[in-house]
Amino acid sequence: MKLFVRLFVVLVAVGLLAMTVAKPTRIVFFGDSITQAGVKPGGYIDKLKSMLPSDQYELIGAGIGGNKIYDLFLRMDEDVIAQKPDVVVIWVGVNDVWHKATSGTGTDPDKFVRFYEAVVKKLQAANIRVVLCTPAAIGEKTDMTNQQDGDLNQYSQFIRTIAKQYNLPLVDLRKAFLDYNLKNNPENKDRGVLTTDRVHLNDAGNLFVAEQMQKVLTATK
Amino acid sequence: MKLFVRLFVVLVAVGLLAMTVAKPTRIVFFGDSITQAGVKPGGYIDKLKSMLPSDQYELIGAGIGGNKIYDLFLRMDEDVIAQKPDVVVIWVGVNDVWHKATSGTGTDPDKFVRFYEAVVKKLQAANIRVVLCTPAAIGEKTDMTNQQDGDLNQYSQFIRTIAKQYNLPLVDLRKAFLDYNLKNNPENKDRGVLTTDRVHLNDAGNLFVAEQMQKVLTATK
Amino acid sequence: MKLFVRLFVVLVAVGLLAMTVAKPTRIVFFGDSITQAGVKPGGYIDKLKSMLPSDQYELIGAGIGGNKIYDLFLRMDEDVIAQKPDVVVIWVGVNDVWHKATSGTGTDPDKFVRFYEAVVKKLQAANIRVVLCTPAAIGEKTDMTNQQDGDLNQYSQFIRTIAKQYNLPLVDLRKAFLDYNLKNNPENKDRGVLTTDRVHLNDAGNLFVAEQMQKVLTATK
Amino acid sequence: MKLFVRLFVVLVAVGLLAMTVAKPTRIVFFGDSITQAGVKPGGYIDKLKSMLPSDQYELIGAGIGGNKIYDLFLRMDEDVIAQKPDVVVIWVGVNDVWHKATSGTGTDPDKFVRFYEAVVKKLQAANIRVVLCTPAAIGEKTDMTNQQDGDLNQYSQFIRTIAKQYNLPLVDLRKAFLDYNLKNNPENKDRGVLTTDRVHLNDAGNLFVAEQMQKVLTATK
């Protein structure tokens, strides 16, 4: 009997251990062209993979160029929820603002909030933990003279408010990029510090974003 | 004989009762500012009420100014499906095109189709018969020099294609307005024929739309 | 002696007369709807009239609603130079930025500078002293979340640069408005502090602009 | 005497020779990226060179990508009048319309006409013969569903009106392209018939434009 009890204890312990080391946390990065590029070698998701223990994290990119918040809404079932992630990192907003100028099809402020909340609620209803990010930059000038600075600040503010309302972790890339540029961009350049073209990440940018995300993701786990 | 007479009387009474309490067809008009104005005295829905037997039709307006297809999508549960209509008439598209120029927040062509189909499918899933309309006009000039003519033709074409694919009745107001203007607008005026301001209906416009809808609705019943 | 005294008296009298009838400085305010409203009772030009000695200054409004820098260029001969002013105050820029969003017809940054310099040079060639102003505001929020803040900052920067290059007096209304709001708009409202509607001046705004202009104009005389 | 006669004969011969080799008609093509590409091998200006006698015509390209009518106005002194042309062919308008959607900096309809007339008048004042062209296409679909069709028709109409008012030769490329496509684009494709990308000319397009211009230019000489 004693032996049997001991064996049972051991088996339970092993089982618990197995459960502990079991399935890694599956994280889907849900966004636009910046995230689409993020899975490439040297991209921010690729860098994150080497910064997080691979037995504990599985990182999946779900970025499509040109996506706005309502694109995420339209494709979230197939591209995100179907993957049964534990965590979804939403990083969107640049195109919602930018497309106002480049194609006349940006997103109304109130509709941005409506769809953003709809995406969050639907993920939460599927028992997925949600991490929010503010859009980083359309231009890196530090004196608030990038054309879309005002609008990008406004949409970032919307996301910060949603993060508070829903009590969600936030990677405030807008603030982080501005702070970084205030220190590292004394010539007030519009690109070349963290971006190649005012929007998409250069090598320093990919590393910087990976670091910002790592902090929040490890705290979120 | 007496029994037979009594039975007959009862049957007739039941029949009349059935006819009397027969639920009228409930139609919700789902759209933008044009439909919002349509329920006012003299508006196209108001005119339709006097053109259709009131015991057979119940007409309800669900128009909100500035609405685009994705606004309809966002509010369809509360504003339309909750009303348990038999028929929904969707009339939208002007703002999806116009807002490109007036606020930079028009709707991408492919996203217009995506949301339009999502609205149709959700209504059909609720066993609601769906009637489509093309956007009538942004400017009444007949020589195809209204600024948005090309884009409005394109979005109308999308709606015609959806009507075919889903086998839905179509009130082709775009075509009807153009045909009407070709006959009745020899001076190539941009307003004042069927609209007050290039978009919203004047008295003739409200009557014209009511007539176009009547034809399709009575055939759809 | 008597003759000498008499002669002296006559000379002094003639001198005083000459001073009395000395032509007042003629100032034309050249701009958009804000300046168009500025000549109305209570408008900033109207207020300036009561703040400057009327025998020394003649103030003329030349504002037209919706004007951008190239509108000023197109109408400067007829509306400004023909009036033979001593000083021209150029206050433009809001529509060059705003119309990008509201009609798709804003002004390219480089073209804004080209036309602005062309206007300045043409006025200087006519021996007119030129005073520049930066565009004040499209929205009074103080946290840089007004949609056009970035672009308006950029165009203001262009004007500051031109002022330096051409050594021209500058009424930096953009900076003045922001400073004023930082002190007097603790609720971060988008209107109602110096404007009625985010752009056009309320009573406090008209007074504030008049004061800012007075300082520079009296120094410029 | 004989010597004198001989001398006379020689002088007359030299004179005739001089007349024969008389200065060729110098034509400047003034426009946007389509004209910038027109001077390349196979471009429409290059093709025109081989279609017109080289001793009678000198063809010069003055196209710059992205140019709108007010860009032409700003650079006409240096780039066109300084070349002392006999004829200037103005071909502009695509960007005045297109930039409304792609950067929010298209040209207002009334301002388009103002600057267009200013360019024409300034060329005429320099004794230069002016030939006008309508903008050909932004999209080749034949059913008036190209996004900018309405606006492009409107601006083409402005140019036709100016041509009439100033009695100037017109190469109506808008009409010519549409007619050509109605015959040769049965599949309603948006590019690939006369353009590579809906706007810029393919080989057939360059030839077609050269032919249309040849007709008018030889008649204009």
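Chains here go by letter, A, B, C and D, matching the order in which they are written, and residues are numbered from 1 within each.
Going forward, contacts are C-beta pairs under 8 Å (C-beta built on N, C-alpha and C of every residue); 3 or more make two chains touch, one makes a residue touch a chain.
This one's a predicted model, so the numbers in the text were calculated from it and none came from an experiment.
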Maximum centroid distance from chain D, chain identifier (CA atoms): A
Selected interface, B-C versus C-D, where C-beta contact pairs are more numerous: C-D
CA centroid of chain C to CA centroid of chain D, Å: 41
Centre-to-centre distance between chain D and chain B (centres being mean Cα positions), rounded to whole Å: 47
Intercentroid distance (Cα basis), chain C paired with chain B, Å: 51
Multi-partner residues of chain C (each touching 2 or more other chains): 100-101, 103-104
Parts of chain D lying in touch with chain C, wherever the complex brings them together: 70-71, 74, 99-101, 103-108, 111, 114-115, 118
Complex contacts: residues of chain C adjacent to chain A: 100-101, 104, 139, 143-154, 157
Chain B partner contacts - residues on chain C that touch it in the complex: 100-104
